[in-house]
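To keep things simple, chains are lettered A, B, C and D as they appear, and every chain counts its residues starting from 1.
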């Protein structure tokens, strides 16, 4: 499937500063960036590899004033949507170095607190069946309520509060799956089926042969997603961070099937 | 019902200090202290009224060395076990000054975080039916696991962890009931049916005509409980607090029906 | 000193609901409400005693639509500004029932976490000298930054973040003073010297002969403050809480010396 | 400098299970493992690369019963103790992919909460001078108190509590240095100067030309430390984790200069 991405952002900075941007679709197995164009005006750009070597992280030195960003890309998504059911989870001693960091807790995902709940509720299941049940439970038990969380909300609050946005769904999924000692990581992505259109957060889980995309909100299928970056949680995949205060002016994310 | 209480405690203090003791059965409607005897050896004792004027709080100035405490009492419990079902909850504007502080969050009971969950899970119920459903849910979903929590555990951790001891059951109950804007407070008590025998924590909820005892662990019926103290949460009803470090030597709580 | 208060508030409610209002100056020793007028239009009002019997808490049943509130009062403040230095702190065993709840932690004030810091930094001081040093430390080490905190910010975050608004100053003060086992409580008030003009939060500390007003922000002197309410922390003294979502339209607090 | 390591551990497992061990000295620039011997009896062992490719993580499948572990090694430490003062910090846009994850918060190190404090207290300094001042501040302001923290203690609690053990010192250091946007990570290590002898936690900071070891407790100099592993915080460098409950029997860490 071909996905067209068109992002427009305007932010105001009262002083020159360095902005971290993590918003380019990643060149990686399962998706090919056919064409991409990033226009940041007079900013000076450098790139480093993203976390776990997925995608790239941009350091942009921007002058004071209004930053106008436009990012357009066409991505050919070749990954398939594989049902999780029946997929085997690695035994703990089989987990590879690439996946090992993602069975541990992180800033927003205190997975260590969920061991008993996950055991009680999903302990009769294993592997992909367990992961699928966790995903279904989250979609069934959380309400998607824009504005119900902020950048400080952690997964203990989300679990009690039973509402959130895509980041919170992804966090709770990662926390519960890690509590089952299955590696799970946060993913930022573009999807044509995200409503309302915006940067999207979902998750990847390591089963059997590698990472599998999962959307706890139920919005996106893996074959209709262009991945940007991966990480332990929202802090690792934030689409923009600014050293100096940033004044929001305008932002539009527009994703379509081509 | 008559309840006999016999408590033996030994703690070692390396220096003279002041100890707060909240362990005497309260003289209050629903229970009559027929006989009580507190032996604290050479300690100097003064008493003040307990929180919300229930029971008494002891300030004990104890010399350095081993504090030997023995408390024996006979309590005639006259309160009845009233079914919660069918009891009416006060409308918010009917809540009296005595109950009003107990609809608000406290140190361990962040009830503000549970509004959406309580609304989603119990929103179709009202009054005593809602409270009874919350109580049943907690007993069904938590596991009583000695050692699974400590004095720092809060209700967000308990809700995720799904295990705890009586204090955690009482905290989660208070948090959820307060989230429904029904007053709930923590209660310390003696009960002959507490297994293993120890100081016990349960809760009171304000419905219709006043406070009603509820035991989220399911161990004790209201007519077989001798209340010691009430408060917002475990901090207000701790049976002992010491200014200086206290070395635990021995403790035995023995409660029987006479 | 005479203080004139004039408050105008407009909030929009999409449905009829009950609103808690804690905004009337309290009739209490140290201040006399000479004249007061509360206009809430078609709302039905009932009052209960405030926490610790200070002031009153209003339950207002308001119809759907725009709530227009106007509160005007004239308060004669007779309390003196007493220097804290030299005042004696009660020994723990001398603390009375009225003050005892206020040496314990609360929702936002985890005073139990500050014992070592307070001992290390202020342990050489006692009584009013210690309290004054804590107050001075807070004013010197925090920056008053509107918007730097929200209603979920607790005192651990404030202590690390080193900024906040009046509620955060009051919380940190209460947490540190309680960690020294001196009773401290949060206070809401009107003051002509609050900049910018708004509802104000400060604190009271129990020394020697009773409660003493302290403003950790340094804005107000005790003899130029009209107290509204007291409590363990911000939850107990919030000027308004609404059951249903409340849309903010307008709010103005205007306080002058007469 | 040559360091001799001798570790003896005994744990009891009621069932066969997988244990994660991160306790072998790493083969890496700055230290050479001259000789190493790990005896785990009948356990089956596999190794994966450690976080950031430093050292190795062992998956050990151990049978039910008593696990007897002995690890002996001789490490030739060739790294120098370089003074931090005068070292340049990278500009944000110069930070490489290897270091970038370590400017972000983690489970125990909520560095996002310390930005204002670090700016206020250390904002006049830069680079290695700033890092050295942070280290000195921590050593001066924390007290090393065994038992004052547990595995759940986070850096907000440590900052308020002003006491801890080596993990807490390392966490607070990482949190503050990251708040200054300088990469910092947790390090586990062996040091002959650790008192009392045990596994040790310290930190690394990225300055100028790479990672530099720093011991916030002041116990160890970089040239007298054998590094085991690195990570975001204590969760990534725990010397042992067990799937099943582990009964502690015996543990001795013995490190000497050869």
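The rule is short, and it goes like this: a contact is a pair of C-beta atoms (placed from the backbone, for glycine too) under 8 Å apart; a residue touches a chain by one contact, two chains touch by 3 or more.
Quantities reported herein were computed from a predicted structural model and do not represent experimental measurements.
With angles rounded to a multiple of 5, the C-alpha fit of chain A against chain B returns 180 degrees of rotation. Shared residue numbers account for over half of those found at the interface formed by chain C and chain D, and the copies are therefore classed as meeting with the same residues. Chain C and chain D have Cα centroids lying 44 Å from one another.
A separation of 42 Å divides the Cα centre of chain B from that of chain D.
Separation between the centroids of chain B and chain C, computed from CA atoms only, is 29 Å.
Contacts with at least two other chains are made by residues 110 of chain D. Taken together, the chain A residues at the contact with chain B in this complex read 110, 113-117, 120, 141, 143, 148, 155-157, 159-163. Taken together, the chain D residues at the contact with chain A in this complex read 18, 20, 44, 46, 48-51, 57, 59-61, 91-97, 100-101, 104-107, 110, 112, 181, 231-232, 235-236, 243.
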